[in-house]
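Labels run A, B, C and D following the written order; every chain starts at residue 1.
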Amino acid sequence: MIRNEECIVLSNQEIAHNIFELTLKGELVQQMNEPGQFVHLKVSDSVDPLLRRPISIAKIDQTKNMFTMIFRAEGTGTKLLGQKKIGDVVDVLGPLGNGFPVEEAKAGSTALLVGGGIGVPPLYELSLRLKEKGVNVIHVLGFATKDAVFYEEKFAELGETYIVTVDGTLGEKGFVTDVISAQNLSFETLYTCGPTPMLRALEAAYPEKNVYLSLEERMGCGIGACFACVCRTQEDPTGYTYKKVCTDGPVFKGGEVLI
Amino acid sequence: MSQLAVNLPGLQLKNPIMPASGCFGFGREYSQFYDLSTLGSIMIKATTVEPRFGNPTPRVAETTAGMLNAIGLQNPGLKKVINEELAWLDQFDVPIIANVAGSLEEDYIEVAREISKVSNVHALELNISCPNVKTGGIAFGTIPEVAKELTKKVKEVSSVPVYVKLSPNVSNIVEMAKAVEAGGADGLTMINTLIGMRLDLKTGKPVLANNTGGLSGPAIKPVAIRMIYEVSQHVNIPIIGMGGVQSAEDVIEFFYAGASAVAVGTANFVDPLVCPKIIEQLPVLLNELGFDHISECTGRSWKKNEKLAYHRA
Amino acid sequence: MSQLAVNLPGLQLKNPIMPASGCFGFGREYSQFYDLSTLGSIMIKATTVEPRFGNPTPRVAETTAGMLNAIGLQNPGLKKVINEELAWLDQFDVPIIANVAGSLEEDYIEVAREISKVSNVHALELNISCPNVKTGGIAFGTIPEVAKELTKKVKEVSSVPVYVKLSPNVSNIVEMAKAVEAGGADGLTMINTLIGMRLDLKTGKPVLANNTGGLSGPAIKPVAIRMIYEVSQHVNIPIIGMGGVQSAEDVIEFFYAGASAVAVGTANFVDPLVCPKIIEQLPVLLNELGFDHISECTGRSWKKNEKLAYHRA
Amino acid sequence: MIRNEECIVLSNQEIAHNIFELTLKGELVQQMNEPGQFVHLKVSDSVDPLLRRPISIAKIDQTKNMFTMIFRAEGTGTKLLGQKKIGDVVDVLGPLGNGFPVEEAKAGSTALLVGGGIGVPPLYELSLRLKEKGVNVIHVLGFATKDAVFYEEKFAELGETYIVTVDGTLGEKGFVTDVISAQNLSFETLYTCGPTPMLRALEAAYPEKNVYLSLEERMGCGIGACFACVCRTQEDPTGYTYKKVCTDGPVFKGGEVLI
């Protein structure tokens, strides 16, 4: 069930250049079931910014009613969010959307988790759950540059982890796809979240695999009412069939929607 | 709650608050948050004869105290709206205002004829002012004669009263209002969005795939108030006001300007509970201001010789 | 600073930033805060033949992310503007754009003829779009033929290039722009304020004594961007853009839309140093975005086949 | 000289119902010469509210670079101002306008200071200065009701002080003018600030006295550039002569402007 709650800031830290890790406390954590869901945040009491901001859930702790997000402070909204202090209140609408299906990876099988930049965060809770279930997890995490890298050790604790930077300042140089081929990684299930070109490349590269992609789109309501975030389906690329990223997604099965 | 009940052509409303078209889908999503029967009415998403996909994404962009949208009238088409959406809405005790759109005159007529027959549709909202579709829409909304003709034809086929939704993107809003009144409109709804645009600092290109979009939200409220103030003094049909409403105070301001009911659009995205909250706050505010009934507020900005309710309290 | 120099008809500007008319008086007050020679130009307060008192007060009201004003063209009249204000401004190394207003055609012509002879007046801004005066002003600004005729007559008598200031309160801004271009305008300035209104919650009456006023500030920026985007693709004369500019980023957005220079209005009231601050920040921002010169930004939102500067950097 | 400075909140207290006393620290205090001047405050970093708010200076301490304002938290701007905490920053433009002429009251003479509601604050610094100079000060301070009364003792320390409330819940019942007549107060100079009807009544009642009135008007720039705050002069009530409240005022001599 979606809830709207004023959550309390438990911590907010800059963990990489302009990248913040924000932990909130609230009852709505009880509603968070799947990794890969997101919340819609009102970052200020004023009309500036007016709209909510969609941010993925990176870690869920239901025993303590806390959840963690990781975001890049870039525009007005995320910059304000980066300034929140312990004890401040953030208006949260969530959890929203459909996340990554953990059940699709069998215990003992291998899952490849590929993240790009600020698409990395939702993979963390996913990896925790897969690992817990006995799935072998491999992470390939791409960033622009060394300063932007976060959670390297945390992922490494859960499984094999490759860091890739576009400029080669940390880990391998290049794109995530280069590393997957170079390392000859083998896996049954692929979960990914990141920039659209990366998702597109991965979907094209592994047509025979079980692929799950998390999409981003500009949102209005975040709950399915405004038709801001629609995408077309691969079955009906020019008709009027559509999926809403906010409610049908953000995670889609490879081959389902046109990206 | 009788303090809030208002009667408009075709609409016996328990309160004058309703979500604006396009900002509430067909109600399903918001029914997760509250009982839709709380609402005075619901203006459902624009309906066209055939299903429409709408414009490419990005379809929304934020601006200072406002937002731009270029959804492009995406909707499942007349048949599905009737059979699935309106049928579903029938479980609630709330009269529906059906937003009617199209590209050609025939489209409007077809939708109006069919949708007005549905039992929970108590009024039509003729959307001649959508800025986000290439043909139709806003063309009908900027030329008085064209608007009048369309109104007349829709009136002929409609089984329920017809409200015409006016575009603010005109030189003379009063002229438009009078034209549709002359065409037989039972009421007006105003304002639709202002045409606006935002460019991306890095690419230099429009943020919206459609380039331009409709500006809504608090930023446009002063324009809405001005237009309702002017139009309400020149027509004899009621106005459902909208444009940037966020609070009970805003609702009263729209009434003062000349509105008889108020729709809430963008604010639903900010706070999904905004409509029931406003409905709850209105009686408190009316009491503070010294009004017995909300309809006493209508047109107070221009009506002469009325005692100030505030001093009466 | 050559990164910022722009040449427009009559105006060799060291930078494209200037205070908008009516938001800077005749510069005296702001000269307490900085050297006016820093500015690209100054658009002085509207001047009429005779002195004017303007509208009764209250003359301003605040709205969400904007303000309403109904000053009503208060000014000391042509003679004093020339003998006192322009003479005083002559100490600064800054070309002046004189905002010309009136009620009748003759008024405009008289002011234009006389004020254009003053040596530091390098261009006129024909104010056919003031929403706050009963006669003249906006009447000239909403009918293309009337605007064209007025432009033609003012051009005949003016000793300097004539820019026409367009009103956003029209159905078709491109038509207006083309009309004044056909009338001989050397450039356009846009946009003037949107007509808006605010009502007092307690009294129900308009906050402004004039009832309606002109809406300015960040709230109107998306409308300004949209209009400049459309107009700049249809005329061959340069545009000085304005409407809600507060920062160097906003300036670049106006250039992308199609402006060749930018005026700052309401923001001066919020931060008296806003113009010099923007002028200082612009070169930094241009470098970040990868532009050698600010003029490369003009029209980038609609120009085809241009490499994205951002990716070149 | 007018300055624009980020001042620091030293204290902010609710001293009566919705009435706050705010003390700021800043270099611009050195520029504050006259009682009755005002400052123009930006109460938020965002565009909401957009415009500055004019607030009178109630007390000046140049040795410590501090000044105090008293305001009613009523609309968006003043409500936000009421929420400022110690250490917060407020963007101040000032000092602005012309204040009360202290030199117009001779040592040994009597000055009557009449304040109405939120017009009372600037009279405090005025009273301090007059007292210091050896002027005998009498205060008549009108408020709506008991809860709205503030600074009663502070004024009483400086001179005879009459409190008047419209509803009679504290002090005399009625209007300030009633009390002045009832008490038969005699004085040479009258300084006043408050609602326009009060100013009008006082000006009409004492045409032969040396009267100084502080006016309020909605403002844009606050520095004389926008013509928002003009008023007409009594000499030319229908012509085009005008005074600007922000720069020619807010204090005017009785008989000067049309109120």
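Just so we're on the same page, a contact is a pair of C-beta atoms (placed from the backbone, for glycine too) under 8 Å apart; a residue touches a chain by one contact, two chains touch by 3 or more.
Owing to the predicted nature of the structure, the values given are computational and were not obtained by experimental measurement.
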Query: For chain A and chain C, what is the smallest step count along a path of chains that touch one another?
result: 1
Message: Using mean CA coordinates as chain centres, what's the gap between chain A and chain D in Å?
response: 56
CA centroid of chain C to CA centroid of chain D, Å: 36
Query: What whole-Å value do you get for the distance between chain B and chain C if each is reduced to the mean of its CA atoms?
result: 34
- line: Residue ranges of chain A touching at least 2 other chains are 47-48
- prompt: Multi-chain contacts in chain B: which residues touch at least two other chains?
  reply: 64-66, 218
- prompt: Chain contact graph: line, ring, star, complete or other?
  reply: complete
Message: Show me the residue ranges of chain B that touch chain C in the complex, using the header's touch definition.
response: 63-66, 68, 142, 169-172, 194-199, 201-206, 211-212, 215, 218-223, 225-226, 229, 244, 249, 252-253, 256-257, 289, 297, 300-301, 308-310
Query: Of all residues in chain D, which touch chain A in the complex?
result: 44, 46-48
Chain A residues touching chain B - in the complex, by the definition given at the top: 1-2, 4, 42, 47-52, 93, 217-232, 239-242, 247
- request: Could you pull out which chain B residues touch chain D in their complex?
  value: 64-65
Message: Touching residues of chain C toward chain D in the complex: what are they?
response: 22-25, 28-30, 32-33, 45, 50-54, 57-62, 64-67, 69, 71, 74, 76-77, 217-218, 246, 266, 268-273
